[in-house]
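Next come two complexes built around subunit A: one with subunit B, the other with subunit C.
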Partner chain A sequence: MNNPLGKNFALLEAGRRLFYILLLSLAVGALFILLIKENPLRSYVALFRGAFRGKLNFGNTLANFTPLMLTALAFAVGAKGGAFNVGVEGEVFLGGLVAAYIGIHWTFLPKILHLAACFLGAMAAAALWALIPGLLKAYYRVSEVCSTILLNYVAYNITSYFVTGPMSAGVANAQSLPVADQVRLHQFLRPSSANVGIVVAALVTLATIWLLRKTTFGFKIRAIGTNPLHAEYVGINPKTMLVKAMVLSGVLGGIAGAVEILGVHGYYLDNFAAGVGFNGMLVSLIVKNNLILVPVMAFILGALKSGALGLQQATDVPKSIVDTITAIFIIVGTMEGLFQVSRKKRNKKSEA
Partner chain B sequence: MEFSRIFSSSLIYATIRSATPVIYAALCASVTQQANILNIGTEGIMLVGAFTAVTVSFFTGSWIFGVLAAMIAGLLMALIIAVGHIRYNAEITAIGIGMNMFAIAITKFLLKALLGKSGSFSEPGIVGIPKIHFSFLEAHEGLNAIFNDWSITEVFMIILIAAMSFFLYKTVWGLRLRAVGRFPMAAQTSGIGVNALRYQALAISGLIGGLAGAHLSLGYSRMFTENMTNGRGFMGVAAMFFGGADPLLTAAGCLVFGFADSVGSRLQAYGVPAQFVLLMPYVVTVFVLSLSMAMKISRDRRKKSSLFSLSGKGVSAESAAV
Partner chain C sequence: MSEYAFEMKDIVKDFGEVHAVKDGCFSLGKGEIHSLIGENGTGKSTMMKLLYGIYDLTSGEILIGGENPGKLTPKKSISLGIGMVHQEFMLVDELTVLENIILGFEPRNGLLIDFPQARKEVRRFIDQYGLDVQLDKRVNQISVGEAQRVEIIKVLMRGADTIILDEPTAVLTPQETEGLFRILRNIKADGKSIVFISHKLNEVMTISDRISVMRQGRHIGTVEKERTTKEDLATMMIGREVLMNIRTAETSPGEPVLRIEELWTSGEKEMSKIRGVSFEIRSGEILGVAGVDGNGQSELVEAITGLRPVERGSVFLEGRDISRLSPGKKRKAGLAHIPENRNTRGLNRSFSIMENLISSQLDERFSRHHIVDTAAADAYSADLAEAYDIRPRDPRMSTSSLSGGNAQKVVVAREVSVGSKVLIASQPTRGVDIGAIESIRNTLEDVKRRGAAILLVSADLEEILSLSDRIIVMHEGRITGELDKKSANETDLGILMMGGKRTYE
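Now for the complex of A and B:
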């Protein structure tokens, strides 16, 4: 784009597009709400209240926002490197499991080291898990979409086995023993589950943006994602870089798992991350993997998720309407040609 | 552990039974892959089909209407993908994933709004797809276990594989479709309506995907549960990859999955943890997929010449690269 405003203009354009798509999907959502004879306006107000009104609701929005931002980043990093990593969910599960295990058993460590061990363990486990589809894609051309989706089921079943078997707390729910108090992340805005994990997530986000935008490593990842042939020509090995992008994606997924376990639950809960990985992927897809917009969109989606409960309580609209709207949002969002047509027309007008 | 009880003759039908939904899904993905469109939305098409089939069967009391409605619902889903991808340049993997999310959400929403249920819907009023019973086979135990009581859609699956192989490889339409998949520009130059064929491929894929869902909810079981496809659509896509989008090879690949699934469910009776049984088909699928891709690469390498590397790859994992 040879516009004098350059980058900022592109960001503005992306924001404008996002706004249109949001309006359109809210309109389609309203249609569905009308279909079951409810008032869309009242429902949306209830949704908004459910997301922001009061300590509990706002806290839950923040608590939803934290893992979403991390998983969205995890997906975005993979996508920058040219891998469509649907497996963030599995990474979160395994990362959470390892964080819980270390949190429960390694109590001989002092507080800071123990906390670090939890995070490092989670990162390592998730990175190893992401390594599998990365290697398969790089060296055997196995579609990473397929392998990561299927491996998600495997990861879930592995964690489910541990939490109902060897690591079970022996209570009615499938959950582990609580982690040591010293590794719990401090909660605020009680009784919501907002916690200090949000600071961790923010720092990790900044670090990732810096890594991808300002370092050679980040440049290499972006290079293989944009044009692997050119990257190879200038001496970047696309195969190893792809694997590294996947591993980085896994590291971020693992952090998300650790934050969820140590911040929100305090023990490993079976199926605790259902949808966290997928929703993160949605966030990233909607903003086209733009790292600056990822936190913004993660916040919007986090608010929608937390508002959904309020919506269901205040009206007769099932909370799955929010997922429906989000899905429409992404479907419309992927159609790149949709709002470009109107822009071309406008450009022509301004030229004339 | 008694191996004779696990590997009995009834295992053959059990394998086919658990493979059939995946085979339908794989055929749904194959037909678009022949036109070089990776239909990740298979899972969602199937799920919407499953829901529609159960709902219509419940309200009309006819499984035929249920199946037809499911196919129409699948068609609509596929057409959204088609319009998004072909007309508005949507990235196929992204819109496919979007459709899958949409399918999960909208079926949940309608399950609650239309039927007032959450979780699952199972009523005696749902009319399932009938099974074909031959009374003369009852005398022979082995044949009875293998050939008796197939549901109509399981039999139709075999016809569909044959029909698809015929249409793809023996008709002008199939040749054109594959030409579009191999090298759209050349196809266009020779006067083939590229986009029309792409729309047709997705439409057919939608019909098959809807049928896949209908079979899952009315033939394989007789109920609807949230997210009941449970990755079967994706397994179908994986099977499509290792079958190279050839209907027959693809279906054969699905049998591997069906085998893992039915052996697993028998092992459960011998104290193998449920989670290992559940994860086995996925592990097997990933493993077989990787193995077949590795073999394909070594095959390609052997016959590689300067001429060969110029021609389009057609159906390969690279076309799935994002």
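Now for the complex of A and C:
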């Protein structure tokens, strides 16, 4: 793991694999495009232009990429600790809500403190939210998959209540009042919604990678995620570490929520994060929770999403073809995962 | 027709580098109950799995009914009248007993399963052999003994006239065992032949016509029951040769370091619950725990090391009650532990050698402001790799590809190098090569010389006898006897392991 050569080699392998998966998915996608009697090459050119050509398109790619990178990271951190956290979406909703609340009301704070309060509040709320399934799994063996799926609905309904009730701006849409200007994240590449949240996301990603690789905390999370029995035996408490991994996952989800609210919308918009948590999970699954490849894959998926609009406008290909490509991505990605598991099992057998 | 149901000659079976059976030989007369006995891992089950077609022969000859059947598969063996009741039952918990019995060859009535017909057929076997089962209960509601009878009916229904029972009494209470023996006698009276695998001498002497002994993959001998004794069998099973070159240390034990008082715990199985075990180990002393696998040794070790909750009783380390501390706190109190399973407990196979070596002292020794002190970790693991001859020598290598012996050396190095006052060593040399066995046993002797108290649990009696200063024997979660180094011998140990009393004294 820490061997520089070994690490780079493994990364190279994983990167190459990702490239093959991308090619294969595009190839299968091309078949579908042929089926509806369109030109795949022309379609892909349109897709590419839709993702990268012009300020608006490229900006939207970046704007899509930012929250995806964070939610994928949130899922991957949980997975490193052995938890399959489907609840990132709920964390994003609640984190966003708290960021919006503080952004609207705590205007007595100076700019920097106010901004920090928005983020810290979002992180705390989402962390507490992730604490629930963490504790349930660690101490009552409740499947975190079930509890987080269900908690997502609860989180959505809580935020929906606030934004239609106590926090409603009283306009036709279910949305809050705008946050104070001083906590808005600077936007660039207008009229896209790209914003400096991308810098926040990049720094957070680097910090998370460092945390997991270099610190004793990261060591322990990796230990319980790969072999909880061994971890328990050497004196690492798998239960508390699992809870901590979930909390860290929540913190990352909360940051994603805050970035979306303060960077993209400027107010809390009902259902603003629909699919963001889920897509982040897919990103992480495709790259098998490899933290270095998470940003790469998040970027690819972000580009596909924003390219889909261009594709639909320039050709008669529906943008759902992009969803098809994404789906194939996931199928191939997880298939490779299956191969890996069976190889591990074989090794174990021959060793015994 | 041959007078034998089957014969196996010059059997050799290798699993890669491991020679499971080196020189196997077994024949089953028609209408006979023939026991195959030996310690764990001596190739008994392997022999029968070869016959049943689960494994392929490396070399040797198998004749069934006097003829060479060619390559065997389970399907073919069944068609030749061989049936096997495995150690782990192969039943579907959610189905009823009747459904389980007919699963795979249901009598049909058009498209539907003809349950009345099935019930009638099964009844026939139940009545004929006294195989009492409740046909309409679901399998998860019946006892282990009853599940075993279901397995036997399944085998009989498929037309077996040679029945192999792989350690059938391991999971039974004494009363259930008696019941099983009645059934086996009924089956024998019907002219069918039975192979009975066991390592319980009492049972073997009760049920068998002939007894074959295996040791370390070899056929040692076959005797008529009438012409042998338990003592003879125990000696044949255990053997006498000591092959190791161990620098045994004569130390005079000091103060008691570890004291176990009236310890009770839950068990994986009924017979492996710990029921009121007490002993103490002094500094500079190795206490060996002998016993047939699954009689509570694993549970005892887990309870002492904090991996299994203690129900009642206490564990004292230098007078301090540590019974309810977490595994981590017990380590800090001075307990080291070589676990019986290096793949699940002992090592994290997806970590490097270095990460495995430092994992137990991460916070105490390899943390600088919560950052892993890689420089210290590298130096430390390079030293250990050298001192314990861990190959490959590169500690940054993953442990996933280490051989059994080198993997175990990593575990031993981590546990021993801390310098703890107590070392719990469970099956420290299981499944490792001769060279590693010798080095690990010498390490244990060094630890003893250093003045630590060692609890040595091993299924290998030769290991227990050559290393221990005192030996306790466990049977069904209790200590059935204690022997000291001078008076211990294989025969007495064998009898205590079977739950018996010493015959003299």
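By definition in this document, the second predicted complex is superposed on the first by the 331 of 352 C-alpha atoms of A that agree within 3 Å, B and C clash if a C-alpha of one lies under 4 Å from a C-alpha of the other, contacts with A are read in each partner's own complex, and residues count from 1 in each chain.
Please note the rule applied: a residue touches a chain if its C-beta (ideal position, glycine included) is under 8 Å from a C-beta of that chain, and two chains touch if they have at least 3 such contacts.
All of these numbers come straight from a predicted model, not from anything done at the bench.
By the touch criterion defined above, A:Lys214 reaches subunit C but does not reach subunit B. Contacts of A:Met335 after superposition: subunit B is touched, whereas subunit C is not reached. By the document's definition of touching, neither partner reaches A:Val77: not subunit B, not subunit C. When the shared chain is aligned, no partner comes close enough to touch A:Ile104: not subunit B, not subunit C. Comparing subunit B with subunit C, the partner in contact with more residues of subunit A is B. Of the two partner chains, neither subunit B nor subunit C is touched by A:Leu62.
Judged by the touch definition given at the top, the superposed model places A:Leu185 against neither subunit B nor subunit C. Contacts of A:Phe32 after superposition: subunit B is touched, whereas subunit C is not reached. In the superposition on chain A, contact is made by A:Leu229 with subunit C only, not with subunit B. For subunit A in complex with subunit C, the residues that touch the partner chain are 1-3, 6, 214-217, 219-220, 222-223, 226-227, 229-237, 344, 347-348, 350-352. Subunit C meets subunit A in the complex at residues 16, 305, 307, 326-329, 331-332, 337, 339, 343-352, 354-355, 359-360, 362-363, 366-367, 370-372, 374, 396-398, 400-401, 403-404, 407, 431.
Of all residues in subunit A, those touching subunit B in their complex are 32, 35-36, 79, 82-84, 86, 136, 140-143, 145-147, 149-151, 153-154, 157-158, 160-161, 164-165, 278, 281-282, 285, 318, 320-321, 323-324, 326-328, 330-331, 333-338. Taken in their complex, subunit B has these residues touching subunit A: 38, 40, 80, 84, 87-91, 93-95, 97-99, 101-102, 104-106, 108-109, 112-113, 118, 230-231, 234-235, 237-238, 241, 273, 275-276, 278-279, 282-283, 285-286, 289-290, 293-294, 296-297, 316-318, 320-322.
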